[in-house]
Structures are given as structure tokens and as C-alpha cells.
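Listed below are the structures to be examined.
There are two complexes below, and they share subunit A, which is joined by subunit B in the first and by subunit C in the second.
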Partner chain A sequence: MGLPNASGDLSSEMEVDAFRRLFPLRFHERHLVESIRPDARPVGRARETTLALGAVASADGSALAKIGSTTMLAAIKMEVMTPSMESPDEGCIAIEFHMPPICSPIVRPGRPAEAAPVVSKQLSDTILSSGMINLKELSLVSGKVAWMAYLDIYCLDADGALFDAALLSAVAAFSHLKIPVVSLNDDGRVVVVSEEQEGGKLENEPVNKEKRKLTLSSIPFSLTCILHKNYILADPTAEEESIMETLVTVVLDSSGQLVSLYKPGGPVLAYSSAVQDCVALTRHRVKELQKILNEAMSDMEVD
Partner chain B sequence: MEIDRVDGRTPNQLRPLACSRNILHRAHGSASWSQGDTKVLAAVYGPKAGTKKNENPEKACIEVIWKPKTGQIGKPEKEFEMILKRTLQSICILTVNPNTTTSVIVQVVNDDGALLPCAINAACAALVDAGIPLKHLAVAICCCLAETGYVILDPTKLEEQKMKAFAYLVFPNSILSVLPQGSSLVEGEPMEHGIITSVTHGVMLVDDYLHCLQRGRAASAKMSDFLRRSLQSQVPSDSSKAG
Partner chain C sequence: MEYVSPEGLRLDGRRPMEMRQIRAEIGAVAKADGSAVFEMGNTKVIAAVYGPREVQNRSQQLSDQALVRCEYSMANFSTGDRMRRPKGDRRSTEISLVIRQTMEACILTHLMPRSQIDIFLQVLQADGGTRSACINAATLALADAGIPMRDLVTSCSAGYLNSTPLLDLNYVEDSAGGPDVTVGILPKLDKVTLLQMDAKLPMDIFENVMQLAMEGCKAVANYIREVLLENTKTLEYRRGV
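Showing the complex of A and B:
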């Protein structure tokens, strides 16, 4: 037990950076006592969030989301496929989350990051179970052709709350998605109608002239919180995540329903009061994110 | 509001539980856990010297290897591995054996719903069998939520697919302590009411989730008793392993 006291004496004469590296937990707890965090945020506030739609010109829908310095690039590519026998009038969505070595010093080249498949699975569970996208809208000709949406999310900078940023970029990419116009040619095959042809007269009538946008109902938004002692820290950075290990991710949809409450272990137990506090913080965050998404979309329309 | 379950159980009734330990000869600790037709085998090797890369060498490291019944391991298994690892880390005392790795190998024998909770229970029993220092035990349970907001416990695979949402919950078991009652209360709630792990699937109301928590806690107390009984009954035969 000598260590905390020793650090307490040292803290008055030691340089701040040295103290931060030698006693990271004490460094953070000293901030928390004052209800503030090392980056000058209050305990319950998320970092500044920005969203840019249409970041990838070659994709059918794309978005770049930044929460603090955590950066995610999401892009959707639409391809035509034959629907499965079980669901002949439904399209399909394939979601993949990538963590290239550029994103964090922990990820080494040639070795895939451990977190990537887990976030990937979490994302597809959340997006598919939230009912945001009606898969029937991705159908072109029932039983014959349907859309396959490949959503790829690249993490460019992993500075904590990966899932939150990934989900935000995914949702934004779907709201930016513009489905290409296709028509059936004489052989009954699907061909993409290019932009130039669109204005002029067409040999074959496009199949999906009206259905260019997906209707997104009940969009899910998430907030990750750290539980540490009695404190709840919203939207942690990578440093905070590595020091205080209990994470709770709450996903709520825009109508306030719970899509997921995810707490994978951690040394701190979540009691009912903490769960309710996390949900309340998420409710507040959903409103913020909804506003950011709406602003980004209206910016696009002006352009 | 009553739901008829295919196997005639009441909503709160769990499937028959079975747990046997020390079933593998070569492993340092092993256990099989079954809930009805779901059966999982867990083996523990370790503590072995050294930690893996990117792990804190000042603490013991836990490694989980998930073996599905058939086929290759994919994304869902990777996620199970991660959840299981974090859950076990939170119940182990990691400072007793610093710079060591304990491997937990989970082999799915049969999956008939509530697979992850079953695996957590099996891994926990195997850790006890291997004599790894633990803070407390973990008890895992699956709660299923029907369209009408009705909760059923420990669903079979068929029920899991039919229901609109389900939650896997892990609670600590109640500690038998010589300390006076009330010392384990945290914020007015007993310690065993805290959630170690929560994984949900499907859309539900927040109130429904809290309702699931309540039911899960009630059932976890029963499972906790079962776990304790089954661990105690095998203690005498265990002395051979101590040496």
C-alpha cells in the first residue's frame, strides 16, 4: 500500500507528463474528483463529432465520421445478385469492419487486429436487428434479382469508442446511399444505366426509377461509457479505455427503444442505477447525433 | 399473456442442469456443463509462464479458445471468445500469478439455445477445478423476450429464433462470508445484483430490459446454489489433484 502514498507525495514535485505515465490511474482519478477529464471535458460529455457525406466518389454511398480523433470511413458498393430461395423478395447487406495498421500502434501489419471481427459482428447484429433497413426495398425483381449492399468501414484512427464512430459512419453512409439505375436488357439481364443515358431516350425502361433512396426507419445511435468506481465517463478515448477497463455500450434507436446493451465483462459490476444512468446519457447523445446527421444531410442537398 | 412452451416448462423454469468436473485426464482443470440438450466442455491449462503480446505482464493473462461443434471458427465465435475472456478476467484474481497465461478451451458438444451462458458456466466450473484463484463465481443465464413483453428463461434454440429479443446476462454468485450481512451492499443493492456481462440481441423497451434483469437475477440465485452444491460434493475426491 506504500505506492499510492508515495505517488501522492511525488505528485506535487513531479512533472505532469511523467506523473501521467507512471501513475495513469491516479492521474485520471485526480481529474475525476474535480469532475473533469484530462482533455477538459465534463464526465458525461462526448467529444466533438463531425460527419461528412459522400467522402468516396466511386462508392454508391459513403461517409466520414469523426468523434474526437477517432475516424471512420464507411463506403457502400451495390451489386446485383440472385436472392436466396428462403427470402426471394429480399436483398442482402454484408458488413465488414477493417482495422489497418495505420489506425493504432497496437495493430501490427500482417496480423489482423483482434477487435476487428468483434466490432464487425456487433455492427451487423445492431444494423440488421434494429430494423433500420427494410430488406424488401433492396429487391429488384422478386425471386430473380436483388441488391447486395457491401458496406465496408475503415478505421483510420482508433482513439477509443470504435463502435460508436463505426455505427455513426455506417448509418450516415446508408442515408447518403443513392442506388444506381438499372434496366433489364433483351436477354433478361440487369445492366446499369449510365448517367449520360439517363437523360436521353432509353431502349429499355429502368426497373427502379423511383426507388433510388432507402427509407431509414428508427435509426440506431450508440454511446460507449466507462464505469469506474461511481463515475460514468461518456465516450472514452483510447487512453481511458486502456486504464479503466469496464465498458458499457448502449444502442438506442430514434424512437427510444433499446437495440443493444453490451457489457463484455470488466472489473466493475453494473447495478440498475448505473444501467439507467448510461441509458439516460445515451438518450441525450441520440438527440445530438440525430441533429448532426440531419445537418450533414441538409448540407448535401444544398450542394 | 401466458406462453405455452414446446417442452411444457413454465416461463421461469430452467432446463435440467448437470455439471461434472475433472473429466479430462491431461487438463489441469476441466468441466462439462449441460442445460437440457445444450452441452459444453471446458478445459483449463495453466497458469503457464509468460503473457501474450499486448497484454499487461504485471497481471495474469487469460486466453480463450472456442471450438465450435463443426466447421471453422468465424466472427460469432471470435465474439464469444472475446466476451468469455473479458468475463473470466473480471472474476479471476489476476494479481496472484503475474506474467502467466491461463488457457481456457471451450468445446461445444451440442447447441440447443443459450450457448454462450452455458459456455460461461462450464468455463467457470473448469477454473474452479484447476484451482485458479477467483474473486467469486459467475452465473450466466439467457432471458428471452416475446412480442408481448413476456419473459421466458433458458430458451431452447427454437424458442430463441422465434422470440423478438434475447439477453445473455452474467451475474456474480452470492458470497458466503463470515462478515455481517449488509457489508456486500453496494449503493443499496446486494453485490450479486451487479451485471458482469450483458449481451442483447433484438429491439426491446428499456423497461423490458430491466424486467429481464430482475428475472435473470432471481434465476441466477437458483443456479448459483446448484453450482455451489455441485462444486462442494466433489471436493473430497479432489484432494488427489492438490499434490
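Showing the complex of A and C:
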């Protein structure tokens, strides 16, 4: 830091906003010394989280998740396909994460954000490896027809902790998903049975009787923390992420098992005790998120 | 196929001169300088405005006015079947150009030289009239960002099916193959800034249909003014005025 005296003198006279822009690190450290953050949260607490299921009426399953200002919209569309030779009785899931230019001033049209493919790959790996979804449930007729679930997640507002919000919205969309009723017509092609036909006579027997939901085992939840000197900040905002670059993301499932741990380098070298503290914070957060997800689902059922 | 029943009701139960329900919300994207969500029936669009800010590509900088850029993209799940190429295809590029030119005409660009104003539009649900919903959302977002404009720009579409002029077509009516007239106006100045039509239509019927669309635009303008007034009252209240 160039001239500590100069900034020290200026800091007593300058306005708070100017100090925040010119000396962001000192601004945040001043708060951390008091164990608090600029938005008045204690160091270990996440921002207010809300979840709304069924946000997109035209999709088979959808959810809108907000953590603070970070907003993610996830929607699942089901299509039929022929399963591969190696796994004839399994369906398939394709996960894509998009950061359109509306979400942040640093995303330029024509050049995708750096974070987008990273979060996309992380999400894909986490969801597929957590075993949340049994691919055999996505099969229709073994060896011939199976479901392909396309999950698209759009970031509508990027204010830090993108992976957490994206994972939450993906999980919520899967729990909201209702598989459409289909029947095989004479050509052997699969046709979606629309609502009007369900009441009347059906020419062909539907392959699956009713709109069913997937059974989800071991739902993964995550928490991203920032390590800075000897502080651990849970659920960073975009401002905090840009100043203090060391991120640790821990993914636990609902039974408390570790699904994934991600620390992509960063200037702070952490002792294993710091990582264990992150895991403890995540454990606490998983309980909160579980409650929020259950409340959202019971709200849907009441409707 | 019958789009207007003998009793005069359309497929979704509306009368021929009735618009779909509109809903608007300002400030949906916290990170943007100005943003708005605009819904016309089942069509839902988010607009975000970033600017005036520094021009990202120095070679495109204009020394006497602001550079206006616009990008229109549709979410993969916005239409009935999942879309493969949500942007960069011909339709999205054409709509981006049309909206950019429409908004550029009413922004007072000479007040902000050497800067750039970005308008980003994301369609979340598409059920006909996405172009109009995008223009209306962009107007609200520009107003939220405090960018000086000559007037609001509002837009609405109208068509002609079963010998009846219909206001605010939805997707089914739009794909019926009849004419589709999209009009964008500056309501206070009563000037037309956008006018697009496809399919054949006799001149006198065209005048009727265009007049109907302009009435629709004025109705949208009244609603947008109410929303902006509410928003200003909330801001005043927060400031303690």
C-alpha cells in the first residue's frame, strides 16, 4: 500500500462512498476488525435467501432462487431421445448455465463472462456426481425411448455466490419437475399427451400413467466462503469477491456427507483448520436451505 | 380455424379490441443502472440498461453523441420447444437492430458524447408480441436509469383475422398466417417511430388496424406513466421528502 499516511489523513475527511471506492480493502478490513461486514451481517451469516417454484409456466419444472441480490432462474424442459447402447435403461441430463449481459456490468455481449463456463462445469459435475437423480427413473421404454432433461439456468443478477444460487435453483427445479404423460402412437413415435386428451378417449395407451415427480435422494446444498488473512466470510457479495480473491466452495448433501470441495488457488494459503471451519459453516447453512426448500415445496402443494 | 367466435370472443376469451393484461416492475436487476420487467399476458421480458459509461471499443466512440447498443436474446425455455440458438440467429439480430434504432431516436444522445448506453433484453417467456414487450421494458429501464429521453416509447401489435381487426396478438394468433402490424409511438408527441407489417392487407383495412395498434400503444403509455409515478413517490418517501 503506497502511502499509508496519505490515506490515513484522507480517511478522516473523506466521504464513506469515496473511501469505499478508493481504498476498498481498508474499508472492508475496518469492518472485519469489528466482526461485521458493510451490509451489517455477522461474518459467518449468509444473505437472505428466497425460493419460488414454478416461475416459468411453459417449462416442465422451474424455480427462481435469490440469495441477497443474486438471482437465478432455472427451468427444465423434457424431450424424448433414444438411450445409448451402454446404458439402455437410463435417461440423460444436460445442464447449462448462462450469464446474459443483463446480469452484470462486466459481461459484454459477444464475449461470455469468465465465470459462466466455470460455474457451468462445476454445477454439472456436482449434480451428476451427488447421485441426487437416479437416471433409471428417466427411462420410458428400456432400450428404445428415454427422457432427456435439459436444465437451463439463467443468471438474472450477479452479486456474488453464483454457484450457491445456481445449485439451489437447480435443485429446486428438479424437485418441482413433473414428467409429462406420453404415449406411443402407431409409427412407434412418442407423442406427448396433452391435458385435453387425458379426459376423453385415448387412442393409444399412455406409457406412463400420470404426471410423476422424480424421487430425489441426498440433495446437495453449498456455501461459498472467502478466506482473507484469518477471517472467513460466508456468502460473499460481488464487491467482496473482487477484492478478496480466495474462494472456498463446500457442497454437502442433506445427510451431512461431503459431496464436493473446491478451492481454486487464490493468494491465501489455508490451513486445514480453516477448511474445517468452512465445512462447519456449510453444515449450518444446509439446515437453513433444507428448511427453505421444504417450505417452498409445501407452498406449491397447497396450491 | 376459427380465431374469432360468432359471439365475438377470441381463443383466450378476449374481445377483439381488448389487450392482454400488462404488468410492469422497475428495478428488478440490482446490479444494473436501470432495469424493468414487463409482462403482456404470458410474454415476460427483462430489460437492463447499463450506461452512460465508457465506450468499450475505442474505435467506435462518437465524439458528439452517445453510442447506443442493444442486444435481444431469448431464454432456451422461453418458447414451447427448447430453442437451440437463443441469440445470434437472424431473427434476434433483426429485432436487436430494430429496437436499437427505435430507442436511439428518442434518447437525447447529444447530451452524452463519447459514452455508451447498453440496452440488454432477455425474453423469459414468449407468447407473441415479444418485440413490443421489449420496447416497453426498455423504455421503463431507460427511465429507471435516468437517461434523458424526448418521450416514452410504447409499442403494441395488432392483426386481422376472420375479417376482424384484433389487438395484441398472442402466439397462436400470430402464427395463423394473417397480417401482423407492430407499431411503436412517442405518445405525447404523437409520432410514429416504429412500423412493421408482413402479409398482404388492403389499404383501408390497414389504416384501421394501425389505428387500433396506436390506441393500444396509448393505453400502454398510460400504464407506464402510472408505474413511473408510483416509483417516484416511493423514491421521494425513502428520501424523506
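Please note the rule applied: the second predicted complex is superposed on the first by the 298 of 303 C-alpha atoms of A that agree within 3 Å, B and C clash if a C-alpha of one lies under 4 Å from a C-alpha of the other, contacts with A are read in each partner's own complex, and residues count from 1 in each chain.
Methods note: contacts are C-beta pairs under 8 Å (C-beta built on N, C-alpha and C of every residue); 3 or more make two chains touch, one makes a residue touch a chain.
What you see is a predicted model, and the numbers here were worked out from it, not measured in a lab.
If you put the two complexes together on subunit A, you find that subunit B and subunit C both fit without a clash.
By the touch criterion stated above, A:Glu79 is placed in contact with subunit C alone, subunit B being left untouched.
After overlaying the two complexes on the shared chain, residue contacts for A:Gly143 are found with neither subunit B nor subunit C.
Within the superposed three-chain model, A:Val279 lies in touch with subunit B and out of touch with subunit C [touch as defined at top]. Look at A:Ile102: by the touch rule set out above, it reaches subunit C but stays clear of subunit B. Measuring from the middle, so to speak, at the Cα centre of subunit A, the directions to subunit B and subunit C differ by 120 degrees in steps of 10. By the touch criterion defined above, A:Ala238 lies against subunit C but remains apart from subunit B after alignment on the C-alpha atoms of chain A. Looking at the shared chain after the overlay, A:Ser62 reaches subunit C, while subunit B stays out of its contact range. In the superposition on chain A, A:Gln122 contacts subunit B only, with no contact to subunit C.
Taken over all C-alpha pairs, subunit B and subunit C come no nearer than 10 Å in the superposed arrangement.
On subunit A, the patch touched by subunit B and the patch touched by subunit C do not overlap at any residue. Those residues of subunit B lying in contact with subunit A across their complex are 54, 75-76, 78-79, 82-83, 85-90, 167, 170, 172, 186-187, 189, 191, 193-206, 208-210, 213.
Note for the complex: subunit A touches subunit C at residues 56-59, 62, 69, 71, 73, 75-77, 79, 96, 98, 100-105, 108-109, 150, 152, 154, 156-159, 238. The touching residues of subunit C, counted against subunit A in their complex, run 28-32, 35, 42, 46-48, 50, 53, 56, 69, 71, 73, 75-80, 82, 118, 120-122, 124-125.
Put simply, subunit A touches subunit B in their complex at residues 106, 114-115, 117-118, 120-122, 125, 129-131, 218, 230, 248, 253, 256-267, 269-273, 275-276, 279.
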